[in-house]
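There are two complexes below, and they share subunit A, which is joined by subunit B in the first and by subunit C in the second.
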Partner chain A sequence: MVTDSSDALLSVLAKEEPRILRSWLESLNAGDSPQTGRIRDAELRTQAQAMLQHLRDALGSGASDAKSEAFAPLRDMLGDISRSRALQGFTPAETAHFILAAKDPIVEALNGTGDPSLAARAWPISRLLDQLSLHTMEVFLASREEVIGRQGQEIAELSTPVVQLWDGILALPLIGTLDSSRTSVVMENLLQAIVDEEAEIAIIDITGVPTVDTLVAQHLLKTIAAARLMGADCIVSGIRPQIAQTMVHLGVELNVVSKATLADAFALALRRTGRAVVRAKAPAPTGEDRT
Partner chain B sequence: MPVAKTDRLPIRSGEDVVRVRQTVRTRAIEIGLSLVDQTKIVTAASELARNTLDYGGGGEARVEVVHEGARRGVRLTFEDQGPGIPDLAKALADHFTTGGGLGLGLGGAKRLSNEFHIESTVGVGTRVTIARWK
Partner chain C sequence: MDRIPILKLGGALIVTIQVDMHDRLALALEEDLTAKIASTGARGVLIDISALEIVDSFIGRMLDNIAAVSRVLDADTVVVGMRPAVAITLVELGLELTGIKTALNIERGMALIRSRLDESKDEARSARARRED
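And now, the complex of A and B:
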């Protein structure tokens, strides 16, 4: 549905492009949310130019709905820009500002023609840009969530190392909040390590877990039961006195050997696997130590 | 009973439950609760906040520092507009669960608090209030 007025519109946008670009970039660099500094001027100009080109193409096809197929290239381009802005740490407002700042210059260019039929196109175009700015927000928020989700996973994996203390003896020092997603990673890691190391004993140390509620207790119970099925016994260490009291009030019983410290648990594990730690020789007097 | 400080916290996600625990911990330290009592009230808060999230479909926690004469305490209110609890006695009984839990949260929260009050109406929602005094 390419009409005469569309042709006229496109030619105004093409003819006025330098002016539109200039005031658009000026507005991007001014105000509360300058986009320069973090993005080079040249890059910003290229992005703005490409956007105008896509806009003209889409309008040229007669489309007027930002969700339509004709606007797909423009949406994709804005999506890429939003994603990279999200990664660079821009705020949502700064990101939306990129496209919103194009509104005034385009509207002015159309009004400036003095042609009422062109001026009448200003309103739909400005609505279109509003729609597109919403699209940039959606992409922005989705990428932020992706980043947060990925960081969460990385933290979950990073903070749940299974360490081998001795042949057949593993330790799992738990630190921080045991939410469900982290706990399943913990469980899998431990069970895998039990298989890999053919471990007999797994020490789960909860010194670094601030709160042991029924959810944490249930995760511990499941882990202990699964470890047992894999042929390993668990020892829980690091149950601080206040945690022990709280567990009693909750009514939680782990039904597992527990030790005050990881060192105590390790000593027990060595004994159970038929080993003993002995001093090779008498300790040196402290005086000698200092020399 | 005079209220010295109030925090209202939404409970919509697992992170919100963590935030409730942290706020309760901060207030418990402020009023000078012992480490054991801090741990008790924080754990009770964790149970109730998670019930609000899992069974109540989300809701709100109110954390208050209250005074009664020279006594100071923390009072916590958990409120949701969820399905409600049809049989409170059953829900409070140990090992009763409809969600594959241990079924110890509600009863445990009661044992961990100095005061415990629960109101629930099927189809309307649930409100649990607990307090721990210094």
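And now, the complex of A and C:
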């Protein structure tokens, strides 16, 4: 395939580049294309130019398959572009449109030469651009998934803090549904905190847990059992009235000390560790003091 | 090392497991400990497993057995210093060791046993007082 027709193809692409570029950018910026506005014209132009340059280089080496080695720089560049668009919030269709919009101008330029051997090359090139647009889609989706995965991990970490309320008293405010993967994170965090703080009592507050079904209860019990094995007692607090009813209806039994609020649980924890909260002095009479 | 030493301190027996437990060692410990409780009349058994990194269901069951046997011989078992990873493993294996008392470290474990010893001393004293009346 590396013949005169290839050279001719390259020379046409080089010669017609300004026209291809112009009509490509026009179609990218056309009213119905959603690409406008979110990315600067100059940036778009640089990307388009670079892409044409890489395309010429790759075709010059005689390759015709988008997966071949010669197209690696082009693929890398497109990967970068679609990754950055994924982060900017473009849709996959918009990202693929960037490549597909180049098809018409290039095919037109090849047909415009009137040379039948060049017009015959239009078909493989169009197929090549299709492959490249599929590649951008793949990279786009992969980077989106990466973002989602990272967010999920961050949420899991953010929502399982262990806080120290007092010497030897820890609180674990749970927020969100407890599934098995989160339970293991919660359990590890809690147990490590028990070791680090030499805690005697851990209060598990489930005010932020939307529903407690048998599975969640089982996860809770596992955590409590593990904490007990380490030598720390657990108190469950923050069971909302509806949840308490649901639990009873479901026949879920938490055979642990439970309190309605975190404050009650904390008071119990203080009592168990031999402490008490007392008022330092009698409250000032209200009303008169303020004047 | 084919035996784990058992130390006697007052009315309590102390065992610290410093090596990886294999099944025969576990069985030997169970046997030795039972014999020692019987011969010394100990009221508390403290097992320190802070150096134990790996447990399996067999070791878990051995701990449970030791606790059951010592309860029969009127002694409390306190397991201290369990590592987080070990606790998670035991829970995942379904061994919650409900018959065993636990404490975070050996100091708190001894405090637990000592309170038990004091209780029984009080009981003995009041029993003696009743007899003398």
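Just so we're on the same page, the second predicted complex is superposed on the first by the 277 of 291 C-alpha atoms of A that agree within 3 Å, B and C clash if a C-alpha of one lies under 4 Å from a C-alpha of the other, contacts with A are read in each partner's own complex, and residues count from 1 in each chain.
Going forward, a contact is a pair of C-beta atoms (placed from the backbone, for glycine too) under 8 Å apart; a residue touches a chain by one contact, two chains touch by 3 or more.
Small disclaimer: the values here were computed from a predicted structure and weren't measured.
Taken together in the superposed arrangement on subunit A, subunit B and subunit C fit without clashing. In the superposed model, A:Leu129 lies in contact with neither subunit B nor subunit C. With both structures placed on the common chain, the touch criterion links A:Gln245 to subunit B but leaves subunit C unconnected.
Look at A:Leu74: by the touch rule set out above, it reaches neither subunit B nor subunit C. By the touch criterion stated above, A:Ile106 is placed in contact with neither subunit B nor subunit C.
Of the two partner chains placed by superposition, only subunit C is touched by A:Arg228; subunit B is not. In the superposition on chain A, contact is made by A:Thr211 with subunit B only, not with subunit C. Applying the stated contact rule after C-alpha superposition, one finds that A:Leu55 touches neither subunit B nor subunit C.
Between the C-alpha centres of subunit B and subunit C, as seen from that of subunit A in the superposed arrangement, lies an angle of 70 degrees, given as a multiple of 10. Put simply, subunit B and subunit C get as close as 9 Å, counting only Cα atoms, in the superposed view.
In the superposition on the C-alpha atoms of chain A, no part of subunit A is touched by subunit B in one complex and by subunit C in the other. Subunit C contributes residues 79-80, 82-84, 86-88, 90-92, 96-97, 102-105, 108-109 to its touches with subunit A in the complex. In the complex of the two chains, the subunit B residues touching subunit A come out as 14, 18, 21, 35-36, 38-40, 42-43, 46-47, 50, 94, 101-102, 104-105, 107-108, 111-112. Here subunit A touches subunit B in the complex through residues 177, 179-180, 210-215, 217-218, 221, 241-243, 245-246, 249-252, going by the rule given at the top. On the side of subunit A, the complex with subunit C involves touching residues 184, 187-188, 191-192, 194-195, 198-200, 222, 225-232.
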